[in-house]
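These are the structures, in structure tokens.
You will see two complexes here that share chain A, one where it goes with chain B and one where it goes with chain C.
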Partner chain A sequence: MRKPEKTGSKASFFRRSAVQSVAASLICIFGGLVVGFLVLLLMAVFSKDIPVSEALKGILIVLSGPVAAGNPRDILFTCGNSLFTATPLIMTGLSVALAFKTGLFNIGAPGQYLMGAMGSLIVALSIPQGSMPAWIIWTLAFLAGTLLGVIWGAIPGFFKAKFNVNEVIVCILTNWIAANIVSWVFYAHQEQFVNIAETKTNFIRKTISNGVSTATLGLDKLFAGSYLDVSIIIACLIAVLLYVMLNKTTFGYELRACGYNRNAARYAGMNEKRNIMLSMAIAGGLAACGAALWCLNGQQDFKWNTYQSLPNVGFNGIPAALLASNNPIGVIFSAIFLRYIDTGGSYLPGETAFNEYVSQLIIAVIIYFAGFSKFIKDFLNKKNNKPLSVSPAPAVAGTAAPEPPDTETKDVPAENPDIQTEDVPAENADAQTEDAPPAENPDIQTEDAPPADGTALGKDGDRK
Partner chain B sequence: MIFLLQKALIFAIPLLIVALAGMFAERSGIINIALDGIMIFGAFAGAFASFYLRRSPFFVDHNQLLFLICLLIAAVFGAVFSLLLSFSAINLKADQTIGGTALNLLAPAVTLFITKVLFNKDKLEMETALDSSGKSRDFGYAILNGELGPVGQVLFDKAYISTFLALLIFVLMSVWIYKTKTGLRLRACGEHPQAAASVGISVVRMRYLGTTISGALAGFGGYAYVATVANGTAEGTVAGMGFLAIAIMIFGNWKPLGIVFGSLLFGFLKCLAVTYNKSLIVPLESQTWMQNLLAGSEGFKAFYEAIFKNMYFYNLIPFVTVLIVLAFTSKKSRAPKAEGIPYDKGAR
Partner chain C sequence: MDNTRKAPSPAPETEGSPYVIEMRGITKVFPGIVANDNITLQLKRGEIHALLGENGAGKSTLMSVLFGLYQPEQGEIYKDGKKVVINNPNDANALGIGMVHQHFKLVDVFSVLDNIILGIEPASLGFLRKKEARQKVLDLSKNYGLNVDPDALVEDITVGMQQRTEILKMLYRENEILIFDEPTAVLTPQEITELMNIMKGLAAEGKSILFISHKLNEIMEVADRCTVLRKGKYVGTVNVSDVTKEDLSAMMVGRDVKFAVDKEDAKPAETILDVKNLTVKSKLHRKNAVSDVSLQVRVGEIVCIAGIDGNGQSEFVAALTGLQKAEPGAQILLCGEDVTKKTIRYKNTHGISHIPEDRHKHGLVLDYTLQENIVLQRYFEVEFQKYGFIRFDKVRAYADSLIERFDIRSGQGADTIARSMSGGNQQKAIIAREMDRAHKLLVAVQPTRGLDVGAIEFIHEQIVATRDAGSAVLLISLELDEVMNLSDRILVMYEGEITGEFDPKTTSVEELGLYMAGAKRQNGQKGGENHA
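Moving on, here comes the complex of A and B:
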């Protein structure tokens, strides 16, 4: 959500919005850990069986993540696996983040993920081994999964653009539809896909049985025989590409403009319906891509009879995106961090009286605090504004705020979004002026952007 | 058929009450996407209370009373839990979606954490217990049955007491939000908070009221779900019921009557799936004529077999139906939406 800002020499380090975002996230994480510790402490105090020192031990285990595994080899192994399981999370996080950027809430990532898994697994397992090189099958499977996700993501986008149905409801419905379709398809073709060799029958055959697996480039050996493969690198590359697309291309700019203010975007001549559909389609593709990367690893079990539950990795994309304040690059780190905490939590039941749900609790609290990130940033701004407010306003406005207030009111509504309230969800735009003339925007603008005093240039100086 | 309607009602009731919960929050101007989490939390609180209260023989004998108490406890805890959302959304002006998502994550984490620490299990089951006369009692069918006629059978035979309570609450709350001064004020805060504030209404208080009522209703619905649909097992999930309730609320156009229609429709379609699933009524009556109609050629028959003898198909029906109906009604329901979407926070 942060715009790459041209900070003047006068702007202090703490004023840069990227730094502030990171600082706010760190504060949130710290807060989450503190609350998690307090919960453990309370539990220990009120329970007779648990000594109080156990709480400290518990939080330290969570904090140490994979290091809690013990000997160096296990640590490496666990690190590799954590990184590998972070891959689909990065992708679903990117999916949710992209949709957020366009002002849409993609709660449909679980369904898109399932469709992606289905597409890639079917292709990977039904092309007979040896009929073509394995890497071609891999690529085809990857593309098939992603394509299916694109289609699945486009459905909520289509309903939103064409019928103006809230995307949240369509996403929720399509999640369950996807879950049933996937179960149905695999149920109907059990003998072909279901893994009957190993006594459990809940899972699809591993793609390695058909010779298809992601290249590892020795990463698995590097991490002591873990599942890690190049998928993590692919995911990172996609994140970078997405970042470039969002921030450096016209298309990305249009998507963000639609997110900031749909009416302004339309007024500026952007096809906001097309953008909504495209954004959701890409988001769906990203989530599905995560599933494909995970399934095509070759060693993973995919539970096919999933009609009563949705994959958690889809929903966990939401915290991954929120913690990174929807920055694609940030999503990489937040997803890895979430997995780190999860891994630490998974060692709790063995070592202490607590259990792995502590890590989920901590993540939840972190996200709760992430909601306040604007509040935290305002606080940081206020603190750092004091020395700066002395400097002459025009000079600062020239350096930090790209458009002086009066140009906004005249033309280029497309520029408005950048200055306008950053965190206003697009629903606002709907309710605000569904059919009011866009000429109203300047009014809202000038109201929202206070005169160029200290807070005006702080990108978060908006108030609602 | 009667069995079907009974089942449909059991499904519809949690949806109905939780969708109403969503309506209250959104009419006051707060997006309550945390309904799922509040349901989980309320259900857990109720189940927890039930678990401990049933150790006293008095409550095992009076299981209806226990059921009511647990519903109340669930509602109270749901309301308290929703304060977290209110605080972040109203006082700190945080993004409501983020706050709601956090609560959705928090509820299963907290409940499962406590369950596992205390019972070393992943779920909390309210088992049947023996009452003073040695009879096994669960937690509450309504007492009536027998010669009631078809209507009476649907409504009273083996019905849960939560069903009536939920219907009563639903009617009362619907009247309240439309016919009382406070209800009007609450709705005003969802439509145009600045205007409401300009005539001296405390937007903050109204929004707290709306969200708290919402939390109480969602907690109630959560326990109703766990005690009826989930057979008394609280395991940190309500199978996406809270999200479905949001869908029903939007489907019902943020209006009580629409919600009634939506949840009954959904409940009915959903129970079709479940009854087929458990093969209690395997050949639905409607299927026989469809079979005759379609079985003209072998190809049709095979097709028919593949589609209609499959529980996944029946599972799909409710979701697809709601989706299609939405596509057709959204144009029509647009006018009230534009003036009534309580999304605009706009609080000053």
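Moving on, here comes the complex of A and C:
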């Protein structure tokens, strides 16, 4: 039995919303894996060539991620590369998550990512090697890429704030504009940027050719010669900073208020238009920053004629953010997890009769489940509410409950019984007839009108 | 009042039940709250039975159970002495139970007739046959005195006629048990009188009526019996003729409630708010929502703008507080300073407190905690932030102090998510926030909307207190009781113009009603200038 007051700070472990978010995400992941397994099973059952046991083998490979590589050295190497490729995904995930927190849908991360890549590559390859220390070139390139992303993100923000144009439309347009700008710019300066030395004419020179690469602090050696460098640490730091910014500062308070309720933010005197622009600009900067971190690694091939395709890492920021319930810290884990599953999937064609797209399917199903995360949280609430339903003080219980019946019955059209019956159980239906005390308030009961207590039978009441 | 207590009688009376509907021992539980605890309701044939209770007392839940929207954990429902199970509104309909919701369920772009037959359209071979339906509706409307134009579009007709359309909907379906959920909230005094007569007529025709309300005057006037609920429990059923208004309110609240607001006469001093020639364009239609309104509010007085919903009050406040743009030519002076073009933030920090009309749309960020909502306009002040970081310890201490002073009740104190609080406590949180901010002018728009008498009493006391502490108060209210009780000066707004100015001591509700409905207007009234 719990003390009635201030259950918030002392609430049981499972009632904390953070714990519930994590639990909901884990349930989503589990659901996705189960469905993935069922698909593998069905493929095996309906195929003459694949034995049913292959399904189990397949799902285990996906689950084992980089461990599927085999020997310890390969596992380390694959882990390192998975972490490295998770870095831009963390950044685009943060980009999408921040926009979501402000009530915006940043589907423009691919374009912002491309602009970031272009900006950082141009600076990193244009400043002659030796003219200044390499770390300064690196920093300038990083900042240039991020700045281009900021500008690219601010464009949809501007149109949204100024003319109330849906940011999704502008984002999609700016994505393709970015793809074409990048192609044109590099096409016009092929001799300067294209990797002719290695005869890879579809790709830009690696920045290491100009002496620019991200510090590794031995991480590459630790992970058996993988590409891993400090960019993963930078990404994690940015995630933590973003978390602090959102939750501890006045600026974050404003952004979230705008996201939750734009009208109330306006009423409170916040400049919601400025906040929309800033939010999109920062989101753009984050996505571009991911691109800069990836390109400036020094060893990466950037495909420059992008006019027909947008980078997947931009779009995959959306599932990373969704799976993390838009929590910046959570994005670190969700992005790494998505790469983990991807890596596992990449071993499927070699080891089994299945192809690597099974991992994409699992991720897709996980995202579908993530759509149910509110439902899952409600379910967890229901499970864990039982001991607590005893707790509220009578006075609180009487007034603090959300009066669900009022809003439900009044707002839902009577002609549509389906809606009502579906809504109700998800939100309210939680029967604890025995547990919950009747809502009564001793303070305001007077003797002349005591509440009937159900056992006392009044025989004269209705027929007098 | 001892003999008014009545508890559920478990003895089944299957034969010749005097009750057309009997709900016995209904218990409905929601997480953390028992919304209905062993409630019994017996409705006689042909009576008007009022269901009285505060907000959250469980009236709506009980009606939702009867209407099939919720399934009770315990309890049984009997129709004419036979046990029935109502799983959904269609079952309820089949049993002859109809409901007029507080917010009408009408299709705005359909005609009255189309709305009435919606769902049970007479048709043959897939083609509508409206002729017979039309005749039936006309007959019904004639028999019961329900004056409607069957061909008018719902969006074009008055609220009163929309309500009559809803009633016709029930009659068309030959319902004999009619539930009215707070039907008078949206009506003018004249329309209320008309509705009362209609209800009496329906009862005389043998219809049984359940009338949900927390307006005691109406219950006293129209109801035969009254069942009172308090905090989910059954308090008693009384014959209305045996009791007084005060008895009923004591049963409902559990203590005596003052109906008149205790306040001394206003001692108006210098002008705080001076609005000149304010015109606001409507977002809904091409006419101006507010046209050329001028008024003043002085220190130490409560000025009330009365009017039927949608006559420009909302737009007037929106322009005043900065949420909406005023047309050029307007001037808003706050303590002599022209604030017409200032930002909302500037107005907030220079003396305007605003209790907004819609607490969910403007008043609160529902997904924020109570403490975050408490500092919604103050988070940036030195007291609550340092180097851009919010000082949550200070915020919490401040929120806790307001929670205690204003008796804001919630499950988890300052950490409660605003969405999970009851409407009354959400409103209290807003009141606390706006009252405690330094202000020279309080703009209170329907501050007691949807609240029960206990909470209304509290909020009225607070508003009078802020007046006496040296603020000017501009009150916008649709409730005539509130207008008459609370204000020191009344301005009636009709179609965007001030059509009359009254002293609450010398005017009557009926007189105000005529002005609110546009039937009368004072000559040369062009705003509030001629009050001085």
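As a convention for this text, the second predicted complex is superposed on the first by the 382 of 464 C-alpha atoms of A that agree within 3 Å, B and C clash if a C-alpha of one lies under 4 Å from a C-alpha of the other, contacts with A are read in each partner's own complex, and residues count from 1 in each chain.
The rule is short, and it goes like this: a residue touches a chain if its C-beta (ideal position, glycine included) is under 8 Å from a C-beta of that chain, and two chains touch if they have at least 3 such contacts.
Treat the numbers as computed from the prediction; the structure is a model and nothing was measured.
Colleague: Who contacts more of chain A, chain B or chain C?
Modeller: C
Colleague: Would you check which partner chain A:215 touches, where first means chain B only, second means chain C only, and both and neither mean what they say?
Modeller: After superposition on chain A, A:215 lies in contact with neither partner.
Colleague: Identify the partner contact of A:329: answer first if only chain B is touched, second if only chain C is, both if each is, neither if none is.
Modeller: neither
Colleague: In the superposed arrangement, which partner chain does A:177 touch: chain B (first), chain C (second), both, or neither?
Modeller: Touch status of A:177: first partner only.
Colleague: Let me test your reading of the model: by the given contact rule, A:358 touches which partner, first (chain B), second (chain C), both or neither?
Modeller: A:358: touches chain B, not chain C.
Colleague: Classify the contacts of A:43 with the two partner chains as first (chain B alone), second (chain C alone), both, or neither.
Modeller: first
Colleague: Does chain B (first) or chain C (second) touch A:260, or do both, or does neither?
Modeller: Second partner only.
Colleague: Just checking: does A:250 make contact with chain B only, chain C only, both, or neither of them? Give me first, second, both or neither.
Modeller: In the superposition, A:250 contacts chain C only.
Colleague: Please work out whether A:163 is in contact with chain B alone, chain C alone, both, or neither, and reply first, second, both or neither.
Modeller: first
Colleague: Chain A residues touched by both chain B and chain C?
Modeller: 428, 430-432, 464
Colleague: Which residues of chain C touch chain A once you look at their complex with the stated criterion?
Modeller: That would be residues 1, 3-9, 25, 27, 29-35, 37-38, 42, 55-56, 58, 60-61, 63-64, 67-70, 73-74, 88-90, 99, 101-103, 105, 118-119, 181, 225, 228, 230-237, 239, 250-251, 253-255, 321, 323, 343-349, 354, 356, 361-368, 372, 376-377, 379-380, 385, 388-390, 392, 409-416, 419-425, 454 of chain C.
Colleague: Which residues of chain A touch chain C in the complex?
Modeller: It comes out as residues 5-9, 11, 248-251, 253, 256-257, 260-261, 263-271, 381-382, 385, 388-389, 392, 395-406, 408-415, 417, 420-421, 424, 428-433, 436-441, 444-446, 448-462, 464.
Colleague: Under the stated contact criterion, what part of chain B meets chain A in this complex?
Modeller: 31, 33, 84, 88, 92-95, 97-99, 101-103, 105-106, 108-110, 112-114, 116-118, 239-240, 243-244, 246-247, 250-251, 306, 310, 312-313, 315-316, 319-320, 322-323, 326-327, 330-331, 334, 337-338, 341, 343-348
Colleague: Enumerate the contact residues on chain A facing chain B in the complex.
Modeller: That would be residues 39, 43, 47, 50, 105, 107, 159, 162-166, 168-170, 172-177, 180-181, 183-184, 187-188, 307-308, 310, 318-319, 322, 353-355, 357-358, 360-361, 363-365, 367-368, 370-372, 374-375, 423, 425, 427-428, 430-432, 434-435, 464 of chain A.
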